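Right after this note come the structures.
You will see two complexes here that share chain A, one where it goes with chain B and one where it goes with chain C.
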Partner chain A sequence: MNHLPQAWGRPRDDVYGAYDASYLQTSGPKQATQQPIVTGTSVIAMKFNEGVVIAADNLASYGALARFTDVKRLRVFLDSSVVGFSGDVSDMQYLDRHLNELAIDEAYDLETAATKDTSKPSGKLNAANLHKYLQKVLYKRRSDFDPLWNQILVAGFDAASKPFLASVDLRGTAFTSPSLATGFGAALAQPIMRNYAATEEDAARLTREEAVNVVKDCMKVLFYRDARSLDKYSIAVVTKDGVELKENEQLERQSWAFAERIKGYGTQTV
Partner chain B sequence: MAMFSQNPIMNGPSYSFNDAPKTNTPEGARQHRFDPYTDNGGSTLAIAGADFTIMAGDTRLTSGYSINSRYHPKVFKIGGTTADQKDATLVLSVVGFSADGEALKERLDTICKMYRYRHGKPMSVKACAQRLSTILYQKRFFPYYAYAILGGLDEEGKGAVYSYDPVGSYEREQCRTGGAAASLIMPFLDNQVNFKNQYEPGSGEGHALEERARRPLTRQEVEVLVKDAFDGAVERHIEVGDGLQMMVITKEGIEEILLPLKKD
Partner chain C sequence: MFRNNYDNDSVTFSPQGRIFQVEYAAEAVKQGSVVVGIVSDTHAVLVGLKRNAEELSSYQKKIFRIDEHVGIAIAGLTSDARVLSQFMKTQCLAHRLHFGRDMAVFDIVNRIGSKAQINTQHYGKRPYGVGLLVAGVDATGPHLFEFQPSGMTEEMTAFSIGARSQMARTYLEKNVEAFAKCSREELIRHALKALKESLVQDRELTVENTSVGITGVVTAEDGTRTVEPFKVYDGQEVAAWLEDGMDVDP
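Right, the complex of A and B next:
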């Protein structure tokens, strides 16, 4: 009999054969996120003359199942920027906790800075800074083969106080554009938004009301055609005065009349 | 692997992005693995003249058939004293996977800035070129998937272009293109910059034919050449278009020119 402690409690070798210790190894490849589980669909946003409007619906899907119908995917950062998340919801919640910590640290720093010197410009993190930070976080995680499975839009203002809108995805790829949309919205909403804001100059001529209406129309188009979407959504408008976030909007004036004219699918015999 | 998509031997036909037919996959088997790379399309170009260098790139950023952005620069000033790069002397262009390209640019920029602070002078192109090769090779087994080109003026004031592969092999050249439309533009450059396949008319038959003598091109000629090269690429490659960004490096400094390209 083997009296060594390493053999205690194990099946006897002379009865069962040598134990395959590889089952117990913890030094194997690290299991990282290989796929998103609970997901949020498109986030859409566009710039206008004095700010940015951004929207996302309130659904978190579990595959094809509409699992959670009251999930807020727009988060406000330091009362001056809005972050819109699509993709994995747990990774979104991780990032949200992380950004809240960052915001608290920032608030302490700002308070101490404010008491010392009021003549200098505010060192508050703007949307451009926040976007760069998120890009670094996501790029680091993809380089570790442990990606945060999100595509994120950041809306707010840059250092020159110009409206700022940018995207970053799970690989750390970052870009800006007068209008942006993630997921299904890139195919459905982006062409509509580009009709109104193809260039920065076009966007700078748009009024707030026009931009909000275009984005609301796009949310409607997305609800018509995106099977993983919801008619309850959040919409935020970022201006110099701050963020106006509405989290329980309902799609208005839906018309499903077009559905009757769609022929050629399923059991129809035209 | 998309990294070798420009190499017919490694990958067969050159597919424009990760749409190549999957091989060696048994029926019904699906692999769920995170792919840390994508190809964001676009093209870059660099030509060295007698006393200038022109670096250029289109400004489109794609993923698959989608245009993510119509203005996403691929050509950057490197190693200025401050973030605005006002006194920069070097230009880097990167194309391929944009997140890696940006990470590479920021690392090289930091290194050039540190050099400047420590030595009180800007880094020479030659030194910077060697350093860039080292940075790329340090990630030999998880490469930056980016085709880099470094441009500037050498110690004698002549235009210098250094081109790289993703793992750091590099050489100094008269001209080079990188990225999606490299295979479309490079032969045009061979002919128009290095006068390849051009002969003196009536100089003889067969081996007696005399090659057209090479001469450095003027700045005006190169600017037109760059625009023509990109107009051609835009016509035949879907990942190239929107805008043409050019940086002209002379001893007076770096001039930036932005021209429109077709947006279709």
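Right, the complex of A and C next:
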């Protein structure tokens, strides 16, 4: 019997065999993130005539398990932009802390730059600036072979005060469009949103109410079809007046009537 | 042999609480030829008096473009100014790359301030022997900052540094009320007049020795902002201002 403290609480070698220390990986190269672990599914967003609407459900999945059902994946930045995260939740939390720091620095700068005349524009970091910055952060991390496993949508306004919506992913790939969706949403929600806002001109004709309704419809389609989704979601509307964020929305008027007509896969033989 | 025992390095206070090396660096600024800067509600202008080391040499540049929206005028050791200007260019460019926007003027000024302060608190380093006037526009409009070798920076509505700059400052103080509402051309004329005040007798402002740098932002009725990129005017480009500007009231 080994009485030494380092053996306390360990399985006894004479009963269970020697511990296989190869799991501990004491040597070999450092391993960075190889896959996301706890994940958030789609984020969807679309522009309308005077702003952007963005939504994501409140679920964080552990593989196929609906592990956390109250995770907020939309983040407001400086009361003027919204960042929506899909992908790894711990990397989202890391970026969230990072953006908090950035926002604090920026707020101090704004205080320094404050002019007596409040009607003058401030040099506030806008959504376009923020998106560019996130792109640099994500690209740097992928170049270090240690990516932040997210796809991110940034919604807000650009320097010309036009509605701004853009995406950046774990490789630093960045692009923009009148409507955007990450993950499963790119297949399921994007075509629906394109029916309403295929071009910038179309988006500029959409009213806020129309855009919000389209996005809510898309959230419903995603809940019907995406097995890693939830009927509780967050939705934010960014306009010149600021950000309206609702974090405990419930999908309304669901109809599962279509479900019984679905045939042709799974265990069915028909 | 020594003027005193407390001026060998920039980390030792004198018993009176002074750091002589920093004060000597400030003297180097006073040796440099004079530069003047003024801001209005719409523009920031720098003018400088260029010197030639000898008859056969060219005139030493005084005003430098840092970025699209920022420029500096220098008084003191030009080689030290080149180091600071290179640093400012790099910082502005990096900011543009990372955020896709112009760096705020106070931000770039704070950075050289912090950089210069380090030299006043580390053994074996020496303060920069140059003073700067930094003029630029950002989202909050046009700005003028003064930078000293001590690391001190301060926002100004109008200022002058360099040899005999007191004369120029006197002119600026006398006219300071007018600057805010000045047009671009009026502002340049004020700056050149201030510069002229500090000339030694029998010297004139000429196309050879006068340099003008200007940037500005004009906001149209509908709120669209047009930024005039910082540009340095030398030689024949300043002739018009010198010819018909110097006798009339700005």
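Operating definition for what follows: the second predicted complex is superposed on the first by the 228 of 270 C-alpha atoms of A that agree within 3 Å, B and C clash if a C-alpha of one lies under 4 Å from a C-alpha of the other, contacts with A are read in each partner's own complex, and residues count from 1 in each chain.
Note that a residue touches a chain if its C-beta (ideal position, glycine included) is under 8 Å from a C-beta of that chain, and two chains touch if they have at least 3 such contacts.
Please read these numbers as outputs of a predicted model, since none were measured by experiment.
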Check chain A with both chain B and chain C modelled on it and let me know: fit or clash.
fit
Pick one for A:Leu188: touches chain B only (first), chain C only (second), both, or neither.
neither
Partner chain(s) touched by A:Gln34 [first = chain B, second = chain C, both, neither]:
first
Which partner does A:Asp109 reach: the first (chain B), the second (chain C), both, or neither?
second
Which partner does A:Phe145 reach: the first (chain B), the second (chain C), both, or neither?
first
After lining up the shared chain so the two structures overlap, which partner does A:Thr173 touch, if you call chain B first and chain C second: first, second, both or neither?
first
Considering only touches as defined above, state whether A:Asn129 meets chain B (first), chain C (second), both or neither.
second
Using the touch definition from the top, say if A:Ala55 reaches chain B (first), chain C (second), both or neither.
neither
After superposition on chain A, the shortest CA separation from chain B to chain C (Å):
5
Chain B and chain C contact sites that coincide on chain A, given as residue numbers
none
Interfacial residue positions of chain C with respect to chain A in the complex:
97-101, 104, 106-107, 138-141, 225
List the residues on chain A that touch chain C in their complex, please.
109, 112-113, 115, 120-126, 128-129, 132-133, 136, 159
Per the touch rule above, chain B residues touching chain A in the complex are 32-34, 36-38, 40, 61, 63, 66, 68-72, 97-99, 102-103, 142
Considering the complex alone, what residue numbers of chain A touch chain B?
32-35, 135, 139, 142-143, 145, 147, 167, 171-177, 186-187, 190
